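You will see chain A twice below: alongside chain B first, and alongside chain C after that.
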Partner chain A sequence: MKLHEFIARRVILLIPVMIGVSILTYSLLSLVPGDAAASACGDKCGVVVDTALEWNTTSEQWEEVSISAYESNVMRMGLDENLLEGYMVYVGIDGPYVGAEPLRLNSSGYLVPKTSLGEHTERNGLIDGYWGDSSLYHRPVAEVVKDFAPVTLEMSLLALLIAYPLGIFLGILSAVWQDQIFDQLSRLMAIAFVSLPIFWLAILFQKLFATKIGICDDLFGTSGGCFPIFGRHDPSVAFPTGDDQYVSWYPAGGTGFHLIDSWFVNDETLSLMGSDFDTRWELFKDTLLHLMLPCMTLGIASAGGLLRYMRASLLEVLREDYVRTARAKGLSGYRVIVVHACRNALVPIVTLLGFSIGGAIGGAVLTESIFAFTGMGRIAVEAIQYDDQVVVMGVTLITSVIFLMSNLIVDISYAIVDPRVRLE
Partner chain B sequence: MCTMMIASVMAGCLGGDDDPEPEPEPVMGCMDATANNYDSTATEDDGSCTYDPVEVLGCMDSAATNYNADATTDDGSCTYPPTHASVMAGYADGTHTYAEAWAALMDIRECKETGTNNPCEIVSMGYGDAATLDPHDAYDSASGDVIENVYDTLYRYEGDGNGNAIIVPRLATSHEVSADMLTYTFTLRDDVYFSNGDHMTAEDVVYSWERVNEYASPESHVSWITEQNFETSGLTLIDDTHFSVTLMQPYAGFVSTIAYTVGAVVNKDMCEANRVVVADDPATTDVDETSDDWCHGWMDEAPLGAGTGAYILDTWSREDKIIMTPNWMHWDSGNYNINKFTEFTNVDESQTRLLAFQDGEADFGALNFEDLPNFCYIDDNGNGMFDAGEDAALDDKPNIASKDGYICTYRESFTITLAALNLDPNDATETPILNYDSDGDGTDDANVMSVPAVRTAIAYAFDYDTARRVTYDNNLAPVYGPIPNGFLYDESQYEVFTYDLTHAEQLLEDAGFVRQYDCAELANNNTVMVTDDPATTEDETASACRLPSILRIMANEGNDYRIAMAAQIEQALGSIGVATDGDAKPWAEYLDMYYTGTFEIRFSGWAPDYLDPDNYWSPFAASSEDVYGTGYHNAALDALLQDAKVSTDDTVRLDLYSQAFDLWVEDPNMIIVGQGNGIGAKHNDICSAPWAAIGSAHWFDYDKLPMVDGALVGSC
Partner chain C sequence: MTWADGEDDRRESLRRIIEGLDQKRSDIRRSIRIFTRSALAVVGLMLVLSVSMLAYLAEDIAVEHPTRNLQDTASTWRIDYEPRAAAPGSDECRQREQMVSLTVLRRDDTNITPAISADRIDPDTKQFYTVPLDVIRIINVVDGLGYTTPNISGNKAILSENISIYTDENGTDYIHVSDELLEINRLPSVYVTYEFDNSEMEVWWMPESHNICILGTNFEGHDVFSKILYGARISLKIGITVAFMTVTLGTIIGSISGYYGGRVDEFIMRMTDVFFAVPGLILAMAFVAVLTAIPRLALPMELAVLIPLLILISLFRTKVDEITIGEVKAQEKGGQSFTTVLGIASLIFAAFYITDGYWPNIPFEESAEGVSNSDLYLRFIILSSILVLGFSIILAFTKFNREVSPKKVITELKNSVSLNNPFSFMTIRTFLLVGVIYVLCKSLLTIDSEWVIIKDFDRLWKIQVALIFTGWPGYARLIRGQVLYIREMTFVEAAKSVGAPSSRIMFKHILPNAWAPLLVAFTLDIGGTILSAAGLSFIGLGAEMHSAEWGRMVSDGRKWFLNEWWLVTFPGLAIAFTTLGFNLLGDGLRDVVDPRNRR
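On to the complex of A and B.
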């Protein structure tokens, strides 16, 4: 199988997987007790917010009825749909109602069948790229995900950039110096980093590296630590979001990955923003400084596990015959380890990469909360708390895509790392 | 020489006398002929000359830029530095363009202090973003905090400095009320401009209130506050500074309702220019495509020109931060002490907020009570300084003291903690639980919770003092009825309910609820079974239950206070023979149970929308509102509340609320646990406006003292 056929096949396979994920997630969410309409109005659900005329089938007359905040929310959010109909509406597939059709208020104040308002026949859904409107964030879910997914991804990827080199490097040294003091210390650290709760590690880093009482002020003469305690940027920093704010070929409004966006801000825009950050480098530096503590927290927590994997894998490889042969040939120890052993020892580490991305996104929930980064993890938790099901659906779907794509990349990278794997 | 000698001799000879003649006395006086007091006889000038003042023309006003200290006559040439008023006058008459006026006003009004603590900026941390900055669809406090600074209302809530909230005029200078109490005619300021330079007139106000009613806040439903009072047709524009509104019925709290952010004034021209109206498509006969967003899409992020408030929205990075900068055209007099306000909206972790506050990265943060001893203490020994151990417990909140570098203040809020009692509870299938024969016809037609004695007994079974002092760690102050202390007519209430289990049990006994039901059957099988078995001589009634159902007591997960209170009353009711089932539910499920009525006792709370007692009494106890879903209906109480609602006479209203309270305590529908209080902590460089328990902080009224060389300059 050729590489492009392999990729195409995997991408096509994404479609049934995503359909399965959407059905499963939608069904599970419908089983969760709770009521988004009630969450939206809280203690004031009982407040009468409107009146309407409803057809009374007994008296066969239009009668005035009161509509509470709760009832209004139910209609607005479409929570009176049954499970199947609700899913079809979400996906955007037309279909007849099974049983009674929900009523909606028309512009003349009458409660009328929903289809008469045109929503049923002209609706959009997931297949049209419409993911629904968030009742919590008051915006289309696609916009919410577009805004916050890059935050989590940027943090997670940078964390992996810390975790992988650190874990692999220390793992190699541990394996080479097996059972020596360095090995014992690094194993101890690995266990500690894996075992320590991530929130504890985060708060420890905040105190050590971001406050006046930490070590930075004494060691480096900083004022108030090496890094900010929280936030994605200094209060003065605002990344442009409108059209034509970046260099001409760059996506309008930026990508949301601020480490990258900072290099492509239009100079004129930067000068007009009136902040203290008037060069691209300063924007980049501010972004990086704010990312360091959360990424160190996430990265070091992941590095512990990677160190253990790399050590074990390399120790296994070092016992292989071909390594012994290489040594017997008179190759230097460095060349034996780096060129021959490490490449093979990396195969299981590459396998882990796909899971690590998923793990980092999952771990980002707590990290985002502690460092006041609003990313997918935080909005997912908040959406669950407030029963904003379309946001939960959106985050789940996009996370699934990321997870599947990262595993696809891992599979492709096998071909690079493992000489035994040949796609063609 | 010889000649001189000869002359001398001759002179002596010619004199003829040996004694010299006396020299004449000098005549002192003014010898200047131009002086007013010239003395022609004077032989010696004594410096006393006086002259007519010489007129020096020039500017004699020391405040002027061209002040002349020597000038004797002001020639009208004074020129002054531009002021807020002069620039705005120039803008009004067309002398200045908008850009010129904006720049000049910024130069005049901006904070120019320097210091190591960024004295012209305030950074705050919260844990919830604004839902929208459209004031006519905003009903959450995070949105209100921004809206109150970006928009103005005709009146607004402020603190009076003594812990009380008052209503003060803002865009309105006054109003008159017609004799029938239905028509309010407002007079507006004439010097108000929107942040884009548009002049605000009565037309904008009328349009704004029309927008509230017609747009009808589809997401938040906040428009009920105005819709309860007037219809759009009741609004009448009189001229640029006058308009009237005719209410559907008199309402004493009307002015208070429009002081809430829903009464904010928006820019009519801008709104109309950005309004999206979709007409019905005549091609489709069965579908109504009509829609009208009333410019909500534009107003959602409060763009420049939307409001007249002291600040404009500079940045709103959703779920991250909100930055406000001055609206230099704001009409209020005075200059800005705060040029930039930043709110980090999503600092969820309390430990992060604490660290950032301590480290000075933020000026304000929603600090947890358990973190306050870092900044506050109780001066137990009265020596005026902090001694070890004085921060161990901050129970005596009204006497809170501040550690160095901070200011701690005691505050009472208007939030009420309560437990709603449901008179018509449903079972899990949402079917009413009928277990009481109210009319004695042998058929159960009501629930035991509908019996006033049962609810009164429940009210006596609650341990108020423990809840306020222990459960809430002294964060609740006593309150005896719906109206909180410090609110209008709070004197109409007095303490009635206390923790008295004996009395509670006696009330049930007297109402005929004797111990007769098998509690185990109720608890295990939800079956009502009379327990006294005639086949045995043993008396099973001593431990039997009094009510034929289990009272479901609800609290929401994550709220440990409510969970603890639920546990207390569950135990107390159990001891007097009332079976209960306490449960903490996830928030969404808790609300769902509330709305479906599948509870008997539900712990909850209330924060006021506006400053009128009706905003407590009606939602709590009027059958027309019954916001807590208690199914409560007391016709006599309804009548009193209705009268109190429409009366504008203070004495009458006080009397009506007193009568209402007397009726309600005989037939209560909720346990009123207490009124929130707490301690606010801030850095000592922040000078706040007086605290108000309703409304938000107005940053224009704040100041931040500059820190120079490690010391604060000035004082609050």
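On to the complex of A and C.
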């Protein structure tokens, strides 16, 4: 199989999974009892928004009636249609199908919108980027998710930057000194890292590294800990004008990853900041410092699993013939392990990257509230508490997209590195 | 043939039994040897055992009932209106701050008020009651603002000098307030902190007159140690329930997938792909989001009647066949029964579930009240015709996949309706039968009749259900792999060749050989579930506030983690140790069941 064939195959295989995920979220949404149409219009349900034709059964002719926001929502969301058609509307294959047959909204009569009698209205679903409207945030879900997903993602990706070197390094040492004291300790540590509740670890790290009574002040002579205790920025960066008004200092259309965005701040906005943050480097440093504590927590939690995989993988490779050959040639132990064994042992570890991102996002969701990061986890929890399930489904969808995409990238790069994979 | 003739046979069979037992014993011995070779595994086992023991004996060990929580109905618990977080092992645990209302004393024209405990709740009557306390000494007296010398109207009375303890002839302790203090009319109340004899609150295992709060108390006045003990119950219950249910669900789905292969396998595997495409915790949150809106878990009565019926049919299908058409023929046909039944069941459920309530609104003699009888019959007719049509298509595409000829399809259709053909009674006739039962149930039972599965569908149950639905795909894949591997083995082939039905092959031959990795995954999963459940509780989706759940305790104590460190540390340690125990145990078990360790 050629590489482009392999890539095409992988991409095509993603389609059923994406369809499956959308079916899952749709069926979960349709399981929610209660009236989605009513919750979408809130206290404005009675407001007349449109006119429609109503079939008057006594005079047997169409009459023009006004329809309320609620009734309009029912039609727009496809709630008056069956599960299959509702799914079509949700995904965006079909527009809300109105008018082909009289729509029964209540027992009094039938309503048909005047504008599109017997036709599909314009489709507007998942594939068009319309993921529903959040009743909590009063915004389209796609916008809400787009604002908050980068926060979680930035945290998770940076956490993996910590987890991978740590896990791989300890894994190599563990495999080299197999069954010695260091190995036993690091294996115990790996299991312990996996077993520790991450939210608890986060709180402990806050106390250890970000407070006066922590270890930092004694060890490094800092005042008030090595890292900021929570938040994405220093208060004087987030609120440069001093009042409670949050000033977005990133240009419109920024990536949402503040580590990147900080390099593209306007000079004008930069001049607003206090004297401590008058360069872009200072802004970047501030963002990075605020990310350190969350990422250390997530990184350590992920490193445990990586350590075990790396150890197992390297032990497997060390039994191979070519390692024995390399040793027999008289190469130094360091060279055998680093150049010959580790290269091959690393390949399976890299394929774990996709799964690690999933795990790190899950962990980030738990720890966000501790570090006062407003990311996907926090908005999802809030949405659950306010019965705004559409947002939760939006979070689910975007996470699955991120997860699948990262797995795809990992798979493709694996196929480039190791052509044997393509044969399968 | 007499009894004595069989002597040799009996001896032989006895010898074999003993041999088998010996084999088993040496197997177990070897397993234990492998297990104990790793010190960590033993530590894990000890941890798990001790946590389980603590959870089991929580009522005896705990100092007090932690608080009213969702899982344990309260025996007694305290409401302390003036709670202070006491540090672990501090004297404050033996102290009580009681409010003495001087206004009431002035009104009643008395100087004394009894020293009583905080409000307790009687388990039977659910009424508040208090008990008198034996005061040892007064520690501190303050006014409502916390001053020891309030300086009201220029009167600089030192409060502690004006409060004393008065014991009457019955031995009851009273707080005595001096006349001087009562004369300060603008002083409404004082708060008296005193040390009391708490021997009745001490538990058997503690040294005499020892502090009752070894791990401190929280700001609600709850003893952290007791809460942790009761929390062990909740966590273990959640962990084991969820892991068990997940294993069961995963095993059923995975074994169907692995054994039958083909399209069933493909479908199930695509389904697991979908579940794997979302990180577990996020998916669990999505499920919780939906379940939050559901007040209780109940099935419509018609489904509640149908499901056991279908399970019974599928279980006794071979038996019924044997009775009706003889053993050999049944075994010939038996292989298909399991899939057929499951396929039919799921089709029927899907058909009823999707179509019910979504029928086209055909104005068919509809009365103003809603669904009329004619509508019901109409539905039934439409449904039956859809089912017959659908099934004939399925028949055409599955049974005659290789040689499709219209004639054969028609013959088979005729056969499946024919009452003379014993093999066909699970096909179209089953559809009709089940459909009729469904409609009967629907029309005979009252409209709202439900089969309540979980009556008190609280938030802990919700996260459990969410975790079950999120967790099964992992097991399904694991079991599928095992089944695919074992299916090719010779003994399965042998069983097939003597005509054993597939359900028998599955339950008697394949699954008993596939349990080993399942056990490891199960043990590891208990730990993982405890962790996830605690996490969900921590972010506010699981246990209610102030309940004795470890994740919730960490979350409740988070505000004060700088000074009142024990509120966060101990519950977190409890989670960590329990999870660690299960993980270490699982690792040890993996060493035991791993084929590489078998010699």
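Throughout what follows, the second predicted complex is superposed on the first by the 291 of 424 C-alpha atoms of A that agree within 3 Å, B and C clash if a C-alpha of one lies under 4 Å from a C-alpha of the other, contacts with A are read in each partner's own complex, and residues count from 1 in each chain.
Here, a contact is a pair of C-beta atoms (placed from the backbone, for glycine too) under 8 Å apart; a residue touches a chain by one contact, two chains touch by 3 or more.
Note that the structure is predicted; figures quoted are calculated from it, not measured.
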Which of chain B and chain C A:V48 touches, first, second, both or neither: first
First (chain B), second (chain C), both or neither touched by A:T396: second
Which superposed partner A:A38 touches (first chain B, second chain C, both, neither): first
Partner chain(s) touched by A:F230 [first = chain B, second = chain C, both, neither]: first
Which superposed partner A:I409 touches (first chain B, second chain C, both, neither): neither
First (chain B), second (chain C), both or neither touched by A:F371: first
Which superposed partner A:Q206 touches (first chain B, second chain C, both, neither): both
Common interface residues of chain A - those touching chain B in one complex and chain C in the other: 32-34, 107, 199, 203, 206-207, 211, 369-370, 385, 387
Residue ranges of chain B in contact with chain A within the complex: 121, 123, 125, 131-132, 139, 216-219, 221, 223-224, 284, 286-291, 300, 314-315, 317-321, 323, 340, 342, 344, 346-349, 351-352, 355-356, 358-361, 585-589, 591-592, 594-595, 604-606, 619, 625-629
Touching residues (chain side chain C, partner chain A) in the complex: 40, 270-271, 273-275, 277-283, 285-290, 292-294, 354-355, 358, 360-361, 368, 370, 527, 531, 534-535, 538-541, 550-551, 554-555, 558, 561-562, 565, 568-569, 571-572, 575-576, 579-580, 583-584, 587
Residue ranges of chain A touching chain C (in the complex, touch as defined): 16-18, 20-21, 23-25, 28-29, 31-34, 81-84, 101-102, 104, 107, 184, 187-188, 191-192, 194-200, 203-204, 206-207, 211, 213, 358-359, 361-363, 365-366, 369-370, 376-377, 380-381, 383-385, 387, 389, 392-393, 395-396, 399-400, 403-404
Residue numbers on chain A that touch chain B, as the complex places them: 32-50, 69-70, 72, 76, 106-107, 116-118, 121-122, 135, 137-139, 147-148, 199, 203, 206-207, 210-212, 224-225, 228-232, 235, 238, 369-372, 374, 378-379, 385-387
